[in-house]
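Below is one structure, written out as structure tokens; comments come after it.
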Amino acid sequence: MNAPVRPPRVNVALAVNGRAVAVEVEPRTHLADALREELNLAGTHLGCEHGVCGACTVLLDGEPARACLSFAAACEGADVTTIEGLDDDAIATELRAAFNREHALQCGFCTPGMIVAARDLVLRLPEADERRIRLGLAGNLCRCTGYVGIVRAIQSVISDRRAKGLGPTTGERGLGPVGARTGSSSARAPVAATQTTGVAASTAVAVPADFRPAHSFDQSFEVGFPPEQVFAFFGRVEEVAACLPGAVVTSVPSPERVEGGMRVKLGPISATFRGAADVARDEAAREGRIRGAGADGRSGAQGEVRYRVNAGSTPGSSQVNLTVGYALKGPLAQFGRPGLVRDVAARLVAEFAANLEARLAGRPAAVDAAAPALNPLRLAFDLVRGRIAAWFRRVARRGDASTPRS
Amino acid sequence: MKPARFALERPRDLAAALALLAQTPGAAKVMAGGQSLGPMLNLRLAEPELIVDVSGVAELRHAGRDGDAIVYGCCVTHADIEDGRAPDVGPNVMARVASGIAYRAVRNRGTIGGSLAHADPAADWLSSLSALGAEVEIAGPSGRRRLTLPAFVTGALSTALAADEILVGVRVPVMNPSSRFGYVKHCRKVGEFAHAIGAVLIDPETATGRAVFGAVEAPPVVVDDARVLFGGRIRPAFAADFDAPAADGALARAGMADAVDRHIHVEVLRRAAAQAYALLGSPSRPDVRSAA
Amino acid sequence: MSGGRAPLSEGVGARLPRKEDDRLMRGRGEYVGDIRMAGMQDVAFVRSPLAHARIRAIHVPEDCRGRVFTAADLDGVKPIRAVSGLPGFKVSEQPPLAVDKVRQVGELLAICVAPTRAEAEDLATRVTLDLEELPALHDMLAAREPGAALVHEHWGDNVYLETNVNIGIEAAFDAPIKVSRTISTGRQCMAPIEGRGAVVHLDRRLDQLVVHTASQMPHIVRTGLSECLGLEQGRVRIVSPDVGGGFGYKAILLAEEVCLGWLALRCGHPVRWLEDRREHLTANANCREHHYEITVYAERDGTIRGVDCEATVDSGAYSAYPFSACLEAAQVASILPGPYDFPAYRCRTWSVATNKCPILPYRGVARTGVCFALELALDAVAAEAGLAPEVVRLKNLVRPEKMPFDNITKKHFDSGDYPEALTRAVAAIDAAGVRARQAAGEADGRRIGLGLSIYCEQAAHGTSVYSGWGIPMVPGHEQAGARLTPDGGLELRIGAHSHGQGLETTLAQVAHEVLGVPVARTRLVHGDTAMTPYSTGSWGSRVMVMAGGAVATACAELAERARLIGAHLLQADPADVRFEAGRVVGPAGDVGLPEIARIWYLRPQDLPADVNPGGLEVTAGYKPQRDSGTFSYAAHAVVLAVDPMLGEVEILDYVIVEDGGVLVNPMVVDGQIFGGLAQGIGTALLEEMPFDEAGQPLASTLADYLLPGACEVPAPRVDHMETPSPYTRFGVKGIGEGGAIAPPAAIVNAINDALRPLGAQVLRSPATPRRIVEAVLAARGAPEMTRDAA
């Protein structure tokens, strides 16, 4: 067996449940994993790891926060209280009695986060009514109880305290994220995350034979050159690719095939699709298509550009009709905001059309204004580095195996 | 669901943060509270090589009045605004928006600057601050610049921020006492990202207003002169003048092709206007959710 | 426990707070993710990004060898086969790691093992895939069509099983009212807050593979896992620790468990896999996706003449072990008639394979779907006949004097008064008042709707029902162990599992009822195949009936043994002593269980010569007199407000009139009803896993797959009827799933009631704002609506 090369770790000092501790974690380790795996404080549960379910809620500097969305290294010096640290806490004790009485838990998995959130409600909103309590619990999902017992339990603790004349408890608190302390890094060169270098896999991505885009965009424009000249331009695939922000052609093995990649950025998300494209042209109809597929190891994309060059409205000019379509697979497709991807794609297509138009007209193509981080050099680097998969072979169907989608 | 490897630096001040960005062109990502970036990292949708964590930078954790505006440092949290630790631009205006963002535990770390820099079209600050006429302050190697929100947000999750720049603050004009702010979002459940947002800032005394259609899966559609949505003028009883077909037309021109989507966004904006009108009478705290 | 309490105040019927709460509230439960073992390494899987593809190659970089394993490495491991004995069932073979083809997004392709999960995920990104994409089936109706792509080529079509029943439907064709509807339910994820997970190691001393896994059915997993790994069952021990919610999701043998079992044997150190939320949502089992074409024939007075239905269930790519891919659809045919008494019935069903995750029976199983279909259709009948919805139902519900009742599909109803439940619900919701409010209208423009639904829940059905299915698991007698400890405490052992149901408390109550041992002195041992009798586990709302009956039987035997020892100690004739509330009482004194236990264990010289050598430890088996199942039921009534402009729905009042037979702990029963209702609201309004045309699941986070939160779930008003089952110990009935069955039907009926004046209706769950607005605009004749025109 190959011994794994362990990634670098950093030392983080925290005060956990009143005790000073130091944990050795990777910078990417979130606080919940640091507590669970390094300190064996397993009462902080993980239910979603993206901030919705609330099972990992802990107190950071006394205020509830998501341990799954706080990196331990970003909490250096913070005061952390987990459910285990609330054993002797007065409010938590009252809450536990009420939770037990009102049957506010079944499987118990959400309960630690629920108690932490409930404690905050009791202290912060001593006048809360049922509606306010429910709003305050919106960030803690329970799949078992229907919240009936939980709401009743919190109501009873709040009304007990109200009867005792206890007001809200709000500590001194400055502005800014809880758990954050002034850092110490000066402007020295940071330690880069050393990524293991992989070996690039087969680059032979076959192009889908019956590709149907899930989304497509139409653009058309006129340029002051005759159709044959414009159509000839579309035959020079490298020049066409230069108009598509993020696209890079690495080789043109034949007139019908190009290889390369495309880097697409969606906010902090970026994907580098490496693959190949097939080129088809119909001289008589002055139309053609470039159809490609690529993958970045986890997500994949298929896309096509169809173009048709017609005579323009004035002699010697052309009308260009473009249809650009795509389909995504993998995590990027499953990231449930297809509208955002469409917005990016629409902007890319608009820019592609504008660049084509400019280039045809002899003007320099605009720089990647809409996608400032699309850096061809970095793309090339990525291509060398790997993490590339070729899982988009979609060759001609075999008659015995399958039939087209309806 | 664990992030890809990254290095994390906690610069002691803004200058150090900017220097870190300058040394790692394109490879770093600035993180404030991490409540938007965190999920993307955990899901390995975002894989920066370096995180520059500015959450502890003191000069970014302040809020205060500067002339006719309140300036919020980028690390001011939603909870800071909700609780009133940071000043508001009008009675319960930004506090109300803040209290409807996600959940309390998220609001304790999520920041106004981080939210704007993330530029998720469905997020609250992008739409509400567009209606309030906010500007962002950006610091970079060559100094500072200011951009209006429409100039700042270039697309879904995309901004004009260069790789070596940091959004350091948000400048929100203090509301004229005679103006009213209406803000309604349409969600399927509490705390969820909005499916439609309507925001209006209307001043019946000056007969001016601004309206925003938000959560349109693209930058908000800002109607800078809202009179077109109220029959060409803003009267004291403006809510009754809301012109749904005009609003529908504005959305269609902005590229919203789906009629059901337009119907929902128009209705949500109508309710925001009605809410602003209702606020003329009472300074109460309306529920942000449209169902209430 | 509090001293001085009358002993039986802790027995059957006591509203007792739970024993298990304290450790869970202090974060000291022990869930599978909390288990730490020296040398343990984490596993992440390479999963298919495509829904349907041929595998051409999986490339593992040289420097990852020994840490990444593919199907080629899994020598001797057999595929998971969940068969059914029903005629015509087609078997799917699910290799633990995909071979040749992937048939769903998320299917396992390679195991990656590393010191931490993050590093294991790093490894997974180093593996490259060479896949030849095939057309994906995302629509079960299209998958049924001739010429569709094939999920399992050798089948020739995509139908696991087709069933057909016709009981004289032709006689109904001349009915004056004929209402036909196309009704469907969205695909869901069960979404317990804790995912699945397993920690597996080899116990060298016992030469046993020890599998800690979050399971509802440890003994069934042991059987299935042993078969796949080719191990004697004695070499496998399953421990299901605290489990963070099941709902059916953890009633399965996992491909991941098979992989980890193989891996632990191979690599010699403990290995762990914890399912993350994205794996849960995009890769692992779904549930609920049904499609109905239903026609109800009726008289003008609402009397049902017959029901005719074609039902299709999207069973996904593989048949899940042990319930199989056909349980749900085939069950539709037998349970669609629900609690209604009518003379003619036809139902065809199809269990269809698609390129999606397998389905599993989720709380309520097919009942939620059939209740939705039939109750929506009955409201349509009521509207057609100009009758109130309750009138149509009361006309057709089985009458109490007919109990026990065999319905048209030969379901044997044990007891109950369904019309009474509905009548109480209608009264409690104040139907007359709601109608008056509707007539008056709402100032805010919203519309009020009233919705009803009623269902029956066959539960704890046993051998006579399941032997017919021919699936890998048929429940027989349920056993329980009961042992008095030398200090007078009681240990109970059951093979089923408690993961929220409160069995540590409620089975102690059952034991207390028989044996009188304080609940605080009673401990439940469960979830460990090494320490408990065999059981098919916790599913089908069966545990209180089955394990409860077994515990009572074992405790009764223990009481009798104690009585005989006690008689000897009291120097009385056994005929003159009785066992009463934990004591043996004779003519001239009594002796308690602690003393009897002390004598048995520590002073055997004081025992009678003919003492039962089995001592104070009993394993007893139990089956109800009739094992065709208990029938609990409830009538749900809801009043809600619909915003027709935005489609938002607010539940204003919710009434449940529930009959679960004799309740062991009414507080726990209420908890099950409240929790079920919340899940039913999720089904009705929020939860859906959509797929695109390529079979990509589109909700990979809880920001997209919406679970009900505290603001979306009301506190219902619950009224209990308690009609004992004539067949079970104490007259208990199973009630665990019922709460989740009726809400989608009641809520969508209420939405349609609210929208009826607008001419709009919604016939699909979840009734999202978008679907409601689309229905309203369509009824208005709004311009052609185009989606995704961009």
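Note that the chains take the letters A, B and C in the order they are written out, and that residue 1 is the start of every chain.
Methods note: contacts are C-beta pairs under 8 Å (C-beta built on N, C-alpha and C of every residue); 3 or more make two chains touch, one makes a residue touch a chain.
Model, not experiment: these values are computed from the prediction.
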- line: When A-C and B-C are ranked by contacting C-beta pairs, first place goes to A-C
Chain whose mean Cα position lies farthest from chain A: C
- prompt: So, what's the distance in Å between the C-alpha centres of chain B and chain A?
  reply: 20
Statement: So, in whole Å, the Cα centroid of chain A is separated from that of chain C by 33
Task: Averaged over CA atoms, how far is the centre of chain B from the centre of chain C? Could you give it in whole Å?
output: 43
Statement: Each of the following residues of chain C touches two or more other chains, namely 116, 118, 122, 125, 276-278, 700-701, 703, 709, 711, 788, 790
- request: Check each residue of chain A and list the ones that touch at least two other chains.
  value: 7, 26, 28, 49-50, 135, 138-140, 298, 331, 335, 337, 342
- request: Could you check chain B for residues that touch two or more other chains and list them?
  value: 1-5, 39, 43-44, 189-191
Query: Inside the complex, what are the residues of chain A that reach chain C?
result: 1-2, 4, 6-7, 26, 28-29, 36-37, 40-50, 52-53, 55, 82-84, 86-87, 96, 99-101, 103, 105-112, 115, 133-135, 137-152, 196, 198-199, 201-202, 206, 208, 212, 214-215, 217, 295, 297-300, 327-331, 333-338, 342, 346, 386-395, 397, 400-406
- prompt: In their shared complex, at which residues does chain B touch chain C?
  reply: 1-5, 39, 43-44, 186, 188-193, 195, 255, 257-260, 263-264, 267-268, 290-291
Task: Within their complex, state which residues of chain A touch chain B.
output: 7, 10, 26-28, 30, 33, 49-51, 54, 57, 60, 63-66, 68-71, 73-74, 76, 117, 120, 135-136, 138-140, 170, 173-187, 189-195, 265-270, 298, 331-332, 335, 337, 339-340, 342-344, 347, 369-373, 375, 378
Query: What does chain B use to touch chain A in their complex?
result: 1-12, 15-16, 19-20, 23-24, 26-29, 31-35, 37-51, 53, 55-58, 60-63, 73, 75-77, 79-80, 83, 85-86, 102-106, 108-111, 118-121, 154-158, 162-163, 189-191, 217-218
Message: Quick check on the complex: what are the chain C residues that touch chain B?
response: 116-118, 121-122, 125, 276-279, 643, 645-648, 650, 685-686, 700-701, 703, 706, 708-709, 711-712, 768-770, 773-774, 777, 782-790
